[in-house]
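The two complexes that follow have chain A in common; it is paired with chain B in the first and with chain C in the second.
Coming up: the complex of A and B.
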């Protein structure tokens, strides 16, 4: 019963943070007018501001945070590594390289999530290969591989910027990709991202049982009758789907995938069938709030949301690192 | 700190002022005394007596040099210099970053450049050429640029400056008779349509809008090239949108399709116009032409 209560609490938190997100913005809108806009009774400019600019931004933030939260839970379960998340493993960087390449090539906007997925899949596959060298995955190998992949992808992004007029004239926009920023998106992009996140979450739930078996090591999982080869491949693809969707929408948002599963495990337990939906809701709530902070911290200027998640997430990462070093992982 | 600096400057100028008795005054002769000018960075620049090889950095500077008849003597330009067409045939010396080796290899005796804050100016000076910083921002700087570059290359910059001023004045006087001034949004870049870049006070395009009889919706922005949030834009409801990013493929149809933009007056009444960045994004000698083009968009019945 307790997980159900926790999940219900997370739903309430998400709804509350979304309401806050819609209330705050670049121009002041009376809360009553916000309500009027939401039920379709506001004047045209107010309706456009609330329904076409603010609400899509809140939805984008929720999708990105939810996707990263679930991806973090999957990676931590698969690698049995408390420090794994899409950002530190370089999965996000691979996705960013893919999405910047898509923009540089001048492809349609809807191609970006696909290119980001391909980039994420490439990175996560390399991580997996490297992490298995010597038969066991250590915290250190995963982190080092993540650093290497991130620098490689970063160099690739820089190369594209210098080589492409399209990008060099739009340095600011590319910077937003690299630091991570949520913006108002068109409904087509949001629908595509929402569909990817929904499908990936369902797949993650389907993998939950098998991932639980990984907690005791891959070999133990195999003796429990889990097809580890197939499971691993599925988890990597689902992680890449989620990371690609998140990066295509908001660039490199750091540490959400790391912090959220950690914060929620004490609350809902380690069983993935509960942890995955909890991370979806918790990640969504966290990023909606982080984006709200990014909008109001230095108003009227906006911070990229990655600045907020980095400032909060990096110290958290160090705490977990210190703890896992003490426990001798 | 500032007071100390001011006091120091006063002392220095006083010292200079008291000195002339001891300095021999050069008598005017066939070879004129070297001209010392103050450039846009506040540097005192002693102009060379004759200029044969010029490197131009900044699209507006290149246009000025060609307009002043010094195009033949230009040996190198930066990557953004695309006007007049003859400039495209010159050697390229880099874009956002200037290639110092390339500049050196061109053996210039004069380098006219826009401002840089990353030490490029100092490194260019080390090349051995005279470096003149010309970086017009507001409309008022354009005539001064023409005069300064004219002085540097021995051409009649004053005449070009007067021509530009006269053309701007003509637009201004005609626009002044118009009472209905449309609200204008000038789009510099909207890669992120939620936070488009536009022009604010201090930029010459802002001056152009006001001169051509429009009201810039970003008139209260704090910087010359601010980002406006789409929320503020929807609220300010511009009647005319000018796309200075049309060269990058931005079209009125795309603008109408952006989230939240479809209800804006300019979009509803189809007054969204593309404008060549090449004409309207640089404070060069064709700024009078840009003012006329802008006025035609804003007041098609008056400016034909």
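Coming up: the complex of A and C.
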């Protein structure tokens, strides 16, 4: 398929799923009333449901899914590892530890994305150091390191919960981080996350061609003229920005970064200049739909979206793992 | 265009693999031969600036590699790697286009010059009919040719090849090396290839460098270097050199 056609299709899919996300929910709202609410002509209860509950939630899901999709594509390309993803590598767990620490510290709300970024950067840097030992990254090294980092971050979170009076009063906020959910977010948080995701995606596009050159590994990238130290550092920072923004907004949402690039490569090809925007759109679409499922599956009760992505993503993960084990990676 | 090693010592960890190499690679095809672990691949990597010398230096036309950016090196020196497995479904054309990486700016697409270079490389390696195929659907030999085309698309004046023929059948081995040799002759490219097949080296290379124990033990035209004496010293007594042939032929003793 031509890249432009595929990307246009993904834009259509995102718009359609966002419309669906705004239209559907626990309370039945007439589509005409939804439209009226969107242009500011609905009655107060309808306007509240659409503008303060559903729309922010759809936007948050799109931002989180898009960020994780791009982060997954970057990590897979850099580590040349089909199983790399912010969740599996423990990058999300590092970001979660940062988020929870920010809540514990009681700083301003905007401190959370920054703390999540720092946590993500710390984790992904550890993964990278480990992955390079011996010059060759095995799929297993990255997975094991991810498990260890996730455990460490999890222990850190537990420690904070027990030690901090402030957190024990805000267990709901902590739980949101740990199970992964795009509950209603304030517009300030959404704007900050949108800005981070936009900047990080542009940076990812700027890195796209250099990341292509990693097709045969870091050393070949160097012989093709890529400053690999500099590129690696940039990719790690961009990945941490995206993961931090996603986790600050929605906590630990699993497997989106793993599934989306895999699902899209057969469609749009391997070149990152196309794959990155495709993963942004595809990840956003997937998470908007997953969140819709989370809202209506057990309505009026709501599932955290992390439950849906976990249920869908884990079998997919095993599939990819089995395939890479067969090919002897 | 030439690449020169001066008193080059290099290795991994605490181990020196190259123990003082003085060598100049100029226009033409030069073959590196030697037993396993002799340091041939390490020599290629050091000449490409991929591992830093512990002492001594490597120069590209008199400029120390350490003073050059990776991009500047890649515009003048290309390496054909041993690895040609990739995880992702790049097409052959996209792989060959990677050779232009050092000549493109971040957001700019390939221009006419780039497209011509990519097209030429694809044509030279007879990959036209495979250009749109995904690289993971090709045979080992086809992939190896795609990777060679990628290096040729760099249009560098120095071409270093690390066992470029391992996955090719004898006819393609010969054809690939003939291509490199002819390019080297026609365009004044300095080419050096690690080869395990002594007969291939003898037939195709203008110059043979024998590496053993991290040092150069012989260097010259095949007829001068490939003697019973020198081959026996490096590879043991199992090989018989037919010195009266031109170029010399090597057969295993029964």
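Convention: the second predicted complex is superposed on the first by the 324 of 329 C-alpha atoms of A that agree within 3 Å, B and C clash if a C-alpha of one lies under 4 Å from a C-alpha of the other, contacts with A are read in each partner's own complex, and residues count from 1 in each chain.
The working rule: a residue touches a chain if its C-beta (ideal position, glycine included) is under 8 Å from a C-beta of that chain, and two chains touch if they have at least 3 such contacts.
What you see is a predicted model, and the numbers here were worked out from it, not measured in a lab.
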item	value
Fit or clash - chain C, chain B, common chain A	fit
Partner chain in contact with A:44 - chain B first, chain C second, else both or neither	first
Partner chain in contact with A:186 - chain B first, chain C second, else both or neither	first
Angle at the Cα centre of chain A, taken between the Cα centres of chain B and chain C once the superposition is applied, in steps of 10 degrees	150
Chain B versus chain C as contact partner of A:132, first or second or both or neither	neither
Chain B versus chain C as contact partner of A:27, first or second or both or neither	first
Partner chain(s) touched by A:53 [first = chain B, second = chain C, both, neither]	first
First, second, both or neither for A:223, with chain B first and chain C second	second
Shortest CA-CA distance in Å separating chain B from chain C in the superposed model	39
Contact set on chain A toward chain C in their complex	76-77, 80-82, 205-207, 209-210, 212-213, 215-217, 219-220, 222-228, 265-266, 269-271, 329
Chain A-touching residues of chain C, taken from the complex the two chains share	45, 48, 50, 69-71, 73-75, 77-79, 81, 83-91, 94-95, 98-99, 101-104, 106-107, 147, 150, 154
Residues of chain A that touch chain B when the two form their complex	25-27, 44-45, 47-49, 52-54, 56-57, 166, 168-170, 172-173, 176, 181, 183-187, 300, 302
Complex contacts: residues of chain B adjacent to chain A	95-96, 189, 191-195, 197, 229-232, 234-235, 237, 248, 257-263
